[in-house]
Structure formats: structure tokens, C-alpha cells
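Below, each structure is written out as C-alpha cells.
Look at the two complexes coming up: chain A is in both, with chain B in one and chain C in the other.
Right after this comes the complex of A and B.
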């Protein structure tokens, strides 16, 4: 039996009727509905493709189709010389409904699912490019789509799981704050405790997706199932969008991974074929625009999704500890979803003003400073008395490295030793971004400065590796 | 005729007599001087190696030798079963002097040099690991060696150039400030204007070497010869030191490069064979400890030094403009070596306190803010009114990306457009580290805020590429 997902009411409008004016007339004339396979000729090209849904503000002069390659393209009506419905091959069991969502709701099914119910995945949408569309007037991108729009845009998903979408937020991720991490963590917790899901996917803007992944890694401990964050570098109604493949990859990993925990799933390379799954505390957005912007730091990704198979990386490359999936229970699952944002990150550079470190506004506003020092964890000697003053006033001062790769080692040079002497705490290979999030979480979840300092030096969610990594870079 | 370098007086003490106590006795007994090729047996091993000089604070129980592989190793006297002088092969034309420096001064010469004088290179030492030694008591590393010590430690250099060393500073680079950039730029200028040199090498700590490289790139315009910064990730008296190969690579590049400008020369990979030469404004220290920590960002290195040959990268990978070397004159050479450090870098993260942007201490202390935003150049919408306030008060606000790779593009998303609207200036693919240095230089070298803003948006030293790079990552 196929699971029937109860979709929110506002999703029902996603039908072919969203095409308007000229494009609606053409499609109606030809008896073509969203989800149909169609053949189109233009002066340049001939395509076999699936008609995709369009969104509210779309103009009436284009239709959007998905090519076999997974790419969506927009085609100008005036360029279409020929268009016809080829078949409904992708949706054999379709009723006469013309809505893709109704199709899905009504009974699209993968062969395997005839034998047993499909794995059920919760999809929590928070916004971002993956849930956005291009404004064809300005060329800009707006947050707009809901989780279920997204699901509707990627018909292939139905093959792998039954997905329950829910819109939690609709924000570009640069606007997300620690309060949102709490909200997301609590929502994930609710889904986990329902016991209904094989995995949870969170669609998220890419700008701060690695910060949220870290936050959830600390907040959600002993997860019984995988929680996978996924985003897109190019919006889902754009020809070169990576949204579909990323979401499919996240779904396959959520269904098939033997490990639970918090992961980020994104393109592994610029070719549109492999999805890399990264540990939530050890991943960074390392490119402004490339589809493979997310990289595991100082290690390989945990898994690669190739086609429908999940290749776990060889164990020797995983010096981290991963927890086994436990579909049958969530007894050990612990949620500590509070964060205290009284943490400041200061990146050191030549000419950095040491007075900033001991300024009274620092002491009144923040409980901890994360230093992004140079090299193995250094700042200029002029900073040392000022840091000492900050430490003496009760602030916690932690050291990370702006090199990104490698680990802070403060016993090697005089500067490092002097900093250790005055109470600066080295965070080994904790990434600066992860260190900020961890400090916010630790402050909210500890009883004293001493216990907070201790927690910062302990490995909680693979953010700080205690053995020398095989992959040094 | 071989150039005779006038070395500072303090260098003369670098003789075998620096070995003391037991090690001095042993070496004197065997008639072995620094620079001699010797054969040593221990219980584990047998080496053919060159005896290296030792430094003031060294204990008397070790000698240091350089293996054929280029590695220096320390050998404990008590483990030596057999030691003998094999020959003075490396220094055929040596007088009876026992000092390596005297050897060099007295007449070591490369075959080619019999025909014409060797290329002359100025070596300016500023300190750092490359000019440091291990404290065998604590295991830590101290800044200690002078440029000429360094030269003495790497006998191979004599093959490639006649090197004039000068000690300008003796600082780990985390202690260097914009005032030091001015000092270094002025010293380089003096050497360039002397007309005596084929190239200039600056030995430098690696922590902020890329900041100094940027600073010199802006300060020294229309350089007629290459200026090459070089450092080491492991100190030169350590077995695994990269100092020798880096300095040899920097020397070969300085001698053979057809291009002038400011470059950084460091290991290209973790194997000890190829040196990469990076453009001064486009390089970053991307690992805390690896020897190949320095990487060109968004491009390939300009050149690779393999053995004694310099391979310039194919032109299609150089979308930057490099200036041809001009050994014959320095008429167009311009020095603008002042920097104004009233610039603050603020890296954005979720939970970042927007009030910091508009705080009065910001406005009284700084003239410009470099934002290290997320993704294509974003901060949260809560920051926007605060940034507006900063801009209205006369501060310049520039945007770079914490992604490191890629370029800021603020027209794509609402957040970016809003930031542009209030006067935030995007810096395309200028690296955050380079942007700080450039802003400090621009403020010191412009007449008005308007001209400063204009200069920040112009490409001055390949820091901002105007065409799409071939190598996207």
C-alpha cells in the first residue's frame, strides 16, 4: 500500500492552471498536463521532456520542462514550432487529475512499493535557493516555493520514498539566527519522536547551512535516524539547478544510510552525477557559486550517492565515530535545543586593534570570544595583555585557525605558549564556524564557566577529532 | 668572476667552532669542518651527508647533517659508531677555511659561472620559521637564524645565484604590523633602485606571509624584477624542514622568471619536489601545518619550479596581467609604502550582533569595514539598517565572502540588492585578507573617501579579476 501524504491545503493550487494566458491556452489545446512527457521542436532543437509546474509570478510566454539529464529549461512559446503529448510514462497509474500533486497523492508508485510500504521521509522546508524561483523580470532569485512545491518539481523522488513535506520557515539562510536553530531542532525532535520516519530532510539556504548543521549536531544527540540538510546553489526553476539531484541524493542517503546523525548532502563535483554526504560539524561552504561548494574539511565525505546506490567511504578514512541507525527506537535520543548567542568571533589580521579585545562593550555583551588566529593559533604579542584582561574579567577565549584546514597547536611557538599561559583554550581542529555554534550551545547548556570550558575541549559531535586524520587535507 | 658578498660582521662567527664541548672535540679529532661530506654509522643506519652548522643555544650532544634528500637530521653523539670525512666534493674550490660562509665568500662556484658572473639576488630576512631553530629542551621553535645563517644552511644555493643576505627584522609573522610592511617595502625599493639585483627574496614567517605579499603588491608598482616571499612550515634545522627546497625554488624563480611582480614561493604538494609560485594578492595559507599550505585561490599558481627549471603555467590559466621583467631599468617603478590601519574586518555568522556595526567605538576608531559575508556576499537583514547608519556616518563598507573561493555577486538575491542600495561596495573575488590590506593601503594613498571607494573597486595588483577565470576553483 502506498502511503498517502496529507499535504497542506495551500498546495492544492499547484496544477496546470498555474500556467496562464498564452501558455495555458497552448497546453489546454494540446491536452497537455503537468507531469506529461512531451515532445517539443524549436528552430534549434528537439526535446523529449516532462512538463513542469510553473509558479505564481511566472510570465505567460514560457513553459518549463525537465530534460532527461535532470535539467529544467524554460522554453519561449514563440520559439515552439511543434509540441505534442508523447505519453504519461512517468505516471502510469495516474487518474485523470491534471495536478502533479494529485497524481502523487492519487497513486504514483514504484515497482518495489507493491510489496512493502515505501520508506517514509519527513521533509522540513526552511527556505533558501532550493525553495526559490527566479524573478524573470529582474533576473534575481526570491524565496518562494514550499516543501511540497519542491517535491512536486522533482517527480523522481516518488521512486525512492514517500515524503511528508512541511513548511517550517521561508527564509534565506543569512537571515537564520540561533532561535531558528532551536525551532528546527524542536521540529526535527517532534518528527523523530513520532517514530514514523526513516529519515528527515531539511531543505535550507546554503549560506549558513553548515552553521545550522553544526547546531543540530550538538542539539540532537543519539539520533536514531539520519537528519540530512540539503540546499541548492541555483534555484530549482533554473536550467542548471542542482536542487533536484541534491534532494534525490539526500533522500536516497536518508533511506539507505546505516548511520544516524546530522549530515549535509550536496553535489560532490561540478558534474551532475554524484552527491557527497558530509558530517554536520565538519563541512564548510567553500565556494560562492559552484554546485560542489560544500566540502568536508580534513576528511573525505562520509558517503557518496551515485545513481541509486550509497557508497560509504572506507572506514580508514572515517576517524570520526558514527552512530548506527536504530529505526526501532528513540529511547536514548536527547534534545538540547537552546543556544546563547553571547559569543563573538574575531578574526586576527595584521593591524588588528588589540584594544577591541579588552573594550568594555565586549565584556558587557559577550561571554566568549572565538579567535580565528593565524597558522597554528596565533595573534600578535600586543594582543596578549588585552586577552589576559578579558580572561581575568571572566570571558572565555578560544582559539581556532583561519587556515581552515589543519589543527591549532599552541605548544610549538612562543606566541602559542604565551597564549596558553594566560588561559586561551585551543580547539584543535574544530572549524571556526563550528566553534561559534558550539560555544553558543555550550553556554546555554552548562551550569558554570568551568563546565563550559570543559565541554568546549571535549569532542561532542565529531567537531574535534582526537586522532591524527588519515586525510590530512 | 664570482661576486664576493659583503656579509655583516656578526655572521663571521658561523664556523665549526659553534659546535661545542663533546661534539666539537669529536669533529676536531676527525678533522671535519662544516660543509664537509662525511660518512656516519649508527647502530641503525649509515649516512653520507654534509655537516651543517649549529647555532648558539644548541646542546653539545648532537651534530646536524644534511642528507642527499635535502633533509637535515640531528644525530646524537652517543649513537655514532663511526664517523669520517669523505671529501669536500660540494666545494671543490674551497680554501682551507673551516667556515661555510668563508667557503662561500672565498670562492665556491658553479660551472656556468666561469663564463659570466652569477645572477645576483638580495635576500631580506624578516624572521619566521624559515629562520628559526628548534629548542631541543622544550621542543618548541624559536626565531633565531639570520638570513646569512639560512644561506649557510643551504649549500645548494650557491649553484644558482650569488646571494646578498640582509637581516631586516627577526619576528614571527603574527607580530608583523602595517608599519613593518612599510619598512619591508622601503628596503625592497632600496634594493631595486640599486640596480644590482636580478631578483629579491624575502624570508618571512608563514602565518601572515600572504598579507605581506598583498601589501607589497600594492606598495611596489611596476617592479622591474621579481620579489619573492618565502617561508617554511618546519624550521630549517628540523629533519622534515621545507626551508631548503622553498628557498632554492624561490631563488631559481627569481633568477629565471620572465615576469616581475610580487610572488610567494612554497611547496606545491606534500612531496618534496615541486615549488609553486603564487601571485601575491591571490594566495592564502590554507593549512596550519602542511608544507603545501599555500594555495592560489581561483587560479593555478603562476609557475612551478621543478628541479632547476621553471614551468610557467599555460597562458589560458593566467587571466591576470603579469608584467615582463625589465632588468635594465626601474624608471617606472613607483613606491607607495604607507598603510593606514584604521580598517576592521567583521566576519558574519548567525547570531552576529548587528549593534556592533553601528557602535560609536566603531565610528571613532575605523574608516572602513571589510565584511566577510556569507555566500555571494550576504549578512542578515537585521544588519542592514545598522550598516546604513555606518555608511551615513562616513564609513566605507566593503563586502567579501567567507567562502574564500568564488566571487561576491550582490545582484542575485534580495539581501545583496538591499546591501548595494545602502552603499555597501562589493569587492568581487578580492580575498578578505587581501581586501583588508588593500583598504589600509587605499586609505593611506587617496585624497578623499570617494577616491578611496573608487580605488577599492579597481584592479590594481591582480587582486580583483575582471574576467571569469578559466579555473573556477
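Right after this comes the complex of A and C.
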């Protein structure tokens, strides 16, 4: 059973535990902890400074201190002639109310909601910080996750909704597993069934946010309200962070969208102006670092949040089905939150060893292979016998394209036709990442291979469309 | 400006922070070229918001900036900008060349290099850094600058990235060019010094020369900037940013002395009025939009028209300040002016105050109505009015009340910007030193002794030696050598002097005195690049243009009348004449004047030379014409025996 860290990391107690070896010994001997003010004399200098934590990967020959000027420097252990603690770190407990009073951005006031109560939004955090606080004294960055922290950091939110934050997980998204999707889906389900919310926002690390979005799209069916995943490509401790605008956009969309379903809300461009909302199964992280890394594939984003208004893409240009929002009813809402991770995603490349296919079969742990083929859905001729064996042994083999844009079409060339003949199932324009999530979900939610194969070829959550629109990429 | 006060009496202290761009090829945290451009093709818009500190408080300066809620538009150009400058990609490793230069500078200043360098983020949210912070690292502590045996202490030496270039600011949208963002800078902070402004300037000049002696720093306008911390007795430290030239520096120090001492004199007078800052200043703030809408003031009308005619005016009651807002202990130094500068920061035009009203189209009727509304009954009470867009006015009112309270204490700690004419204007409250946290994207850099030892060989020769050598080598007087050394053109000068036969003093005077005088006429030296200068001197060397034409060519370029040297030469009517053409022209002149040649023989030379010069003046060097003509004439005479040759030889 997976151990899920369901509580946020307690703000790390500042100790000297980051130090190792010689430096750890010295500091422990002198009873010095991170955050303490210390006096150090070296062979050529003298400092009064605050002891800082040391990066785990850094060497053990230096200690790091923050000088009065605010700069950190490393001091070489062998040069230290004298070191002593001058002052203990003092822990401060200051409420954030003062800062809320201090900042008056855009006239945000609770007064806006005197006549009617504000729409309520549940904010579930799973990792990645939408708001954070910097301790300039130690340089530490801490997540700011309470409602008051959020309002203090992003006062504009007050104008749009009343937000109930809850911390579910605190993980880098690369550490999330299908089990976490289940956990998140169940938490969303609980919030939806409470009937209290206009929308649910999930803050998420960006690396695998599109996988989680896909997973929730399959797991949460007939959602009455929007569920919006949101992240940040620039961490929230920076003044230039995209987190605040992304969250504001997600909030406005959650409140104003006429449609329900699972979406991802992130920057539409490098500029801080428009937030694009993407369908959960059709979105992909296409850049390592840009703010507009998330893109809808083969379709326009379903909505753009510009200022305080939501511009929905007109239905005739959408080619996907969206469900109407129904704030009061969750009777049809179905939750199927289990995933079976016995699926492998294999990317074909020139020189791909066909034996990999048999190795994976040998392991007998897998139920399905998602192939990320070339072009319209191809792999080399040598792979065909191996794939045939796999299919014959009961493995489901699906084809997607590594081109990302466009759909597979395996009747055009011989190789494609041969693959079809041996039982490879094309997944049309389903994205490879979406396909693996879908397969994990399908396997957990079907009772036979045949029904699983059938489900894989059906459009469940807009992961498979029939029209590829003409558009500028 | 004539100094009305003796700097020693008020104990002026000036601390320098010199920011010197390094002459590296690439930027500090990416591989983009350090080249200025205006050829922007990429644009994007951002907003910055303050980050919350652990104490739940926002830094005062950060909050101040964010209150302005600027949209920032960035302009980028390929080659000098990539995703790093756009804050769309993590920084790369620290530029090694820049780091070495910073270490060499530290060694030159006898400063103690830290054992391990940590890159920090210093919060700056005026938009000049796309990230909202400036990356900076402390390289060395302590050390000194030697000025004629007197040691001026060095506090710190840092290596940091330069900020983006402000293109415009209309109050709502601020625009920056990203070409300069990320250019490596060394920042050297000196201990505060006291003395006369002239002596203080000598410190900055010496440090500048020491840096230039390394040949590793950028030259030219904007490549060195001084921030100056100026304080007087009983005042706070005022930081003045953006001083680019040394003569401007003296004026800035003189202006700040007057301003700061003036504010202290005002505070002393105010103290006599027994004002209770907490109760008396800003205790009544009233909307006076309706009252002022009846005035005939153009300024008022314009402010009311703001924000789709939703502009408002607010008045603040200030007890005990009557006569003090307009009071000038020194010419033009008064609280009213400080208040106007302050509200301009919020994109508002200025303030009106009771000491200057009625005036400017605001009549006594309106003044009385305002007084009534504010319940100004005492003769000693004053009021201040500010108007414009509502949210800005609200912020401005807060800031004005705070500033008026500060007037009781004299000089507020603030950051000011130097103006071109050597004055200063308010830019923001002075920021604390604590707004720094580690740049976690870059690993710490250990500095070992082996590296420092290897760099110690590269400590530059003292600048005065370099100037002496320069003077000796090129037979110039010391003053001219100093001018060349201080100019942006030292390397160019050496290149031209070494590769041509042109007299070094001539080159030097063109590159210094003449260019400076063109610059003083308001012309832009940036238009004239080094290749152009080199080209012009090469033409002179080849005899294609004449000495007198050099400055004329420069002027054409700097006046934007010509884009290239070719164009300038053409515009000046100096058609480039090559050897062949020269021969042909002289042949033609000889042919046309055959009768004179025949009658006068060699004595015709003077007349012929005159005819040649009238055609070739400025295009071909006179000596060249002289020698070609002489040769041709002699040949002609020799081939035509019987023609007279003797006279010439006499």
C-alpha cells in the first residue's frame, strides 16, 4: 500500500540537519542552530551573521551565513578560528491581518457581497504553492495556504469568490502516482456532494498536471460544476510568479463558466493578461519553463479569461461536448476513482529494440501497451511479430502518435495496415499521456479485456474527437 | 550653483556605490550578447506583485511600487534577449569571464574575497527586472582605494545583473527594453567620505580610472552609474540613483546639501509651532471635487476629466503648517515641491496648497469653501489638495499625510533620481536591506586560493602609470592622455594610432575634445560607432578625406543626416577619389592648362596647384596632390624639351 503524505510538511524545524560531516560536528559542538546569530573570526575577517541552512547537495567544507547586508556567503571551515553563538533564533508569530489591511489592490472589498453571499469555491492543494511567504531573515520560502494567507497574497480573489482552502497533499507533481489521483478524485467528490460549491480548484505542480487532469476527467463523470486544475511555472515566491493570475483566472472561470467538467487554467501567452482554460484530456505541458507551457492539442482552449470576463469558445467551433453547469444537482454525478497502473507507454524511435516489447510481456505485469508510434501510427516492420505475440498473449496494444498534433490513421501505409491486422488498436487523436491514463482507468473499471478494448475506442471525456479543426498552431 | 552653505558646517557625508558594466561578450546568466539595440521585435506584458515576507508584512518599497499597479511592457530583440531575460527560463551558470573580472577588481582594491559565493535575489518590483528581483552576489568585503596616499575604505564588491532599460512610463504602462537586462555589473560600495563636492568627485573619478585600467570594463555613456548616499547632520541617508557623469555628480551633491539642510531648517521652524503630528496632520480629509469643478483652472479641469470624467479632488487639513508649505529656506527648496514630486509618483500632476492659493484659476470663493468644508478655522492651519483618478488620489492622500508628518523630522530616508541638470526628484521610499533571499536555481560557487593566485597576475597596472605611458608613447601632454583614458575610445585610439600614420595628438583631440563639444551641442555620440570612426580615420590616412573633414563627417552622422561614412562623405561633397581618378583629374587639369605650362614651365606649379585644390579640396590630402602634380609636371616638362625648368629649381 502506498504511503500517502496526506498532511503538508510541517514547516521544517530549522536545525543544523542540512549540515554534514565536519561542519555538522562543529555546529553541534557549539550548540548553534540555523537561524542563530553567530560571531565568526577567520584568518582574515570577522563576521556577525545568521547561520543559514545548507543545500543538501553542497559540500561539507563551508558554512553559510547571512550578513547584515542581506547577502549570503559561504565561510570555509578550515579558516574559522573562532565561532560562537551570539543570539538565539527568535520564532515570530505574526498574523497576516496587518498585511491584509496594508494592501488595497483594485478596491477589493468584502462589501461587494453584502446583498448576496459570494460564490464559494473549494481550493484543494496537492503541491506547488499558489502563495508563499519568504522569510527574508533566513531566506526560507514557506507555503502560505490558509484562506487569510491567500487573500493577503491575492486580494483580488475577494472580489470573485469566497474560497475554502484545504491541503490534501504536498508533493512535487513528479512524485504523484495513480493512487494520488484516486485520493484527489475522492476529495473532489466529497466537495461536490456537499453541494456547497460553485467550483473546485485544485492547485497542482505543473509537471504532471495534465495527467491528473486526464485522470479526473475519466474518474469524475457528469460533474455538476467545474473542476479546475491550476499551477505555476514561476514559483509564487517571485514577484513575477504566474501563480496569482492563474488562480484568479481559475476562480473567475469556476464561478462564471456555464459548463462543468475538468479543466486546466494557465497562462495563454508569455504575457500576464489572458488565462486559457483547457479541457482536461486535451491539454499537454509543451514547454519546460514558459508560462504558456500548457496548450490544448488540436483545438483552441475552451475558454479565455480576459480581465474579469470569460470568453467561451463558440460551440460550433468546439467539436467537443461540454456539459452544462448545474449548481444544485449532483444526482447524475458518478465517481469511478480507481486506476490500474499495469500499463506501459513505449515511445518508438529508430533503433528501437523489438525485444523491449517481449521483455515487457515477459514481465506479465502489464495488461496494456500504449505505443507512441511515428507519424500516422507506425513502428518498424521488425516489431510486428513481437507485437503480434503480445496481442495473442492477451495484451492490449494501442497506437498513438509521437507527433502529438494530429490523429493516427493506420490504413494509409502498409505498416499501419499490418499493425491493424495483428490487432493493434488505433486511438485516433487521443494524446499518448491521456491514453495511458485512460487505459489505467479503463482496466480498473471494466470486467473483461473485450469491454476494456471497447471503452478505449469510445470517447468518454473528449479525449477522442472526430474533427481536427484548421488552426494556426 | 553658488553654494550658500559650507559643506563642513553641516557635515555632508557621501557614500558611493559605483555600478560598472563589464566588457564581457555574453550576459551574466545566459549566452546572449551584451549589445544595446533599439530594434525590438518581440513584446510582452507583465505585472509584478509584492511577495509576502515571513512577518506577514510587505516591504514598504515593494508595496509602494505595487500600489502603482503598473502594467509593464517589455521590448526584446533576438541576439540580446532569450527566455532567461523574459523570465521564462531558469538562469544559466554564472558567466566565468565576468566572475574573474569581479575577482580581479576585488584583488586590485585589496578586498577580501569570500570563500563561497552565493547568488541572491534582491527584490525589485518597479519592472526593471522581469523576475521581480535582481540577481546579485557578494564577491568581497573590505579593502581600500588609494587616492594620493589617502585610503578610502571599500565596503563591499558585488557582481550583479544590470536592469532593463526604461523606455517610457505614461503612468499606467511602463515600457522597458530587455537588451541591457543581464549585462554583468560590478557594484563597489565605498565608505562614506566627507569634504567638498569637488574632492568627493575625485573619489569617483579615481575609482572609475582604476576600473578602466583593467581593460575589462565597458566604456561609454551609461556603462558606469553612480548611486550616491548623501546625508547631512541630523538627517537621514538619501540615496540618489542614476548619476552618469561626474560634473552632474557635483551638482547633485550640492543640490542635496541645500535640499536636506533646507528641510532641516523647515523642521526646526515647524517644531516651534508645536504641531501634534498624530492629531493635526490629515485628521480631516474631504472630497472637494464639487467645489473645484467651479474653478477656471485648466489643471483642475484636466484632472477632473481623468478616468472618463470620474476624476476627484481631495483636500487634507494640516494644522500649524500655514506659511510653511511654501516657505523656501533656499531657492526652490520647499515642502510644496516635495509633495508635488511625491504625487507625481502616483501618476498625478502635482498638488495645490493653501500657501499659494488663491491662484492658478482657483479663486478665493473656492478657497473659502474648501476651508469651510475642512473646518480650517485657525490662521495657522494649512491645506493640501490633490486630484485625478480616484484610486491614485487615495493612495496619494495617504502618502501625502505620511510625508507631511515626516516634515517635522527634516529629511526623510528616500531614494531619489538624479535629473540631467544635476538636481534630484523623489522616486521611492528607501528600501530596507533585508529584501534578499537565495537564488536557488544556481549552486554556490566555491573560490579557492589557486584561482585567486592565478588571477593575481592579472591585476592591472595602476591607472596613472598607464596614462604616463600613453602620453610618452604617443607624445601627448598628460592632460590629453588623461582625456583619452577617460573617454570611451582608449582602445580605438590605440588602434588608429598604431595602424595609421596620423599624428596621435590629432586623433586624440578629435576623439575627446571635438566629440565632447559635439555632444555638448546635444548630439548623440551613440550614433557614431567605433567602426565608423575607424573608417573615417582610415580614409584620412589614405588621403581620401582631408583632416578638416573628420569633424564634419562626425557631425553629419551624429545629426542623423547621414547613416554611414559614405553617405556623410557624399553629403559633404567629398567624393572619394581613388588613385586612378586622381591621376586622371590631374592629367585633365594639365591638359586644360597646357598653354600656361608651355609659357611658364615649372613656374606654373603654383597656379596648377590652385586649380587642382579647387577641384580636390577635402577629398584628397593636399600633400598627396602636391606630390602627384609635381611628378606629372616634371615628366611633362622632361618629355617636352625646350620647356623651361630652371625657375622651379631655383
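Keep in mind that, in the parts below, the second predicted complex is superposed on the first by the 327 of 473 C-alpha atoms of A that agree within 3 Å, B and C clash if a C-alpha of one lies under 4 Å from a C-alpha of the other, contacts with A are read in each partner's own complex, and residues count from 1 in each chain.
Everything below uses one rule, namely that a contact is a pair of C-beta atoms (placed from the backbone, for glycine too) under 8 Å apart; a residue touches a chain by one contact, two chains touch by 3 or more.
Source: prediction; values computed, not measured.
Look at A:372: by the touch rule set out above, it reaches chain B but stays clear of chain C.
Residue contacts after overlaying the shared chain place A:44 against chain C, while chain B stays out of touching range.
Shared-chain residue A:330: touches no atom of chain B or chain C.
Contacts of A:198 after superposition on the shared chain: neither chain B nor chain C is touched. Once the two complexes are laid over each other on the shared chain, residue contacts for A:291 go to chain C alone; chain B is not touched. Of the two partner chains, chain B is the only one touched by A:412; chain C is not.
By the touch criterion stated above, A:79 is placed in contact with chain C alone, chain B being left untouched.
Put simply, chain A uses residues 139-142, 270, 288-290 to touch chain B in one complex and chain C in the other.
Residues of chain B that touch chain A in their complex: 139-142, 172-178, 180-181, 206-208, 211-212, 270, 285-290, 292-293, 339, 341, 343-345, 347-351, 353, 356, 359, 361, 365, 372-382, 401-409, 411-415, 417, 433, 436-437, 440, 472-473.
Partner chain A is touched in their complex by these residues of chain C: 44-58, 62-63, 66-67, 69, 83, 86-90, 112, 114-118, 120-123, 125, 130-133, 136-138, 141-142, 156, 158, 391, 394, 433-438, 443-444, 446.
Chain A meets chain C in the complex at residues 44-45, 52, 55, 57-59, 61-62, 64, 67-76, 79, 92, 94-99, 102-107, 131-137, 139-142, 144, 149, 152-154, 233-234, 236-241, 244-245, 269-273, 288-291.
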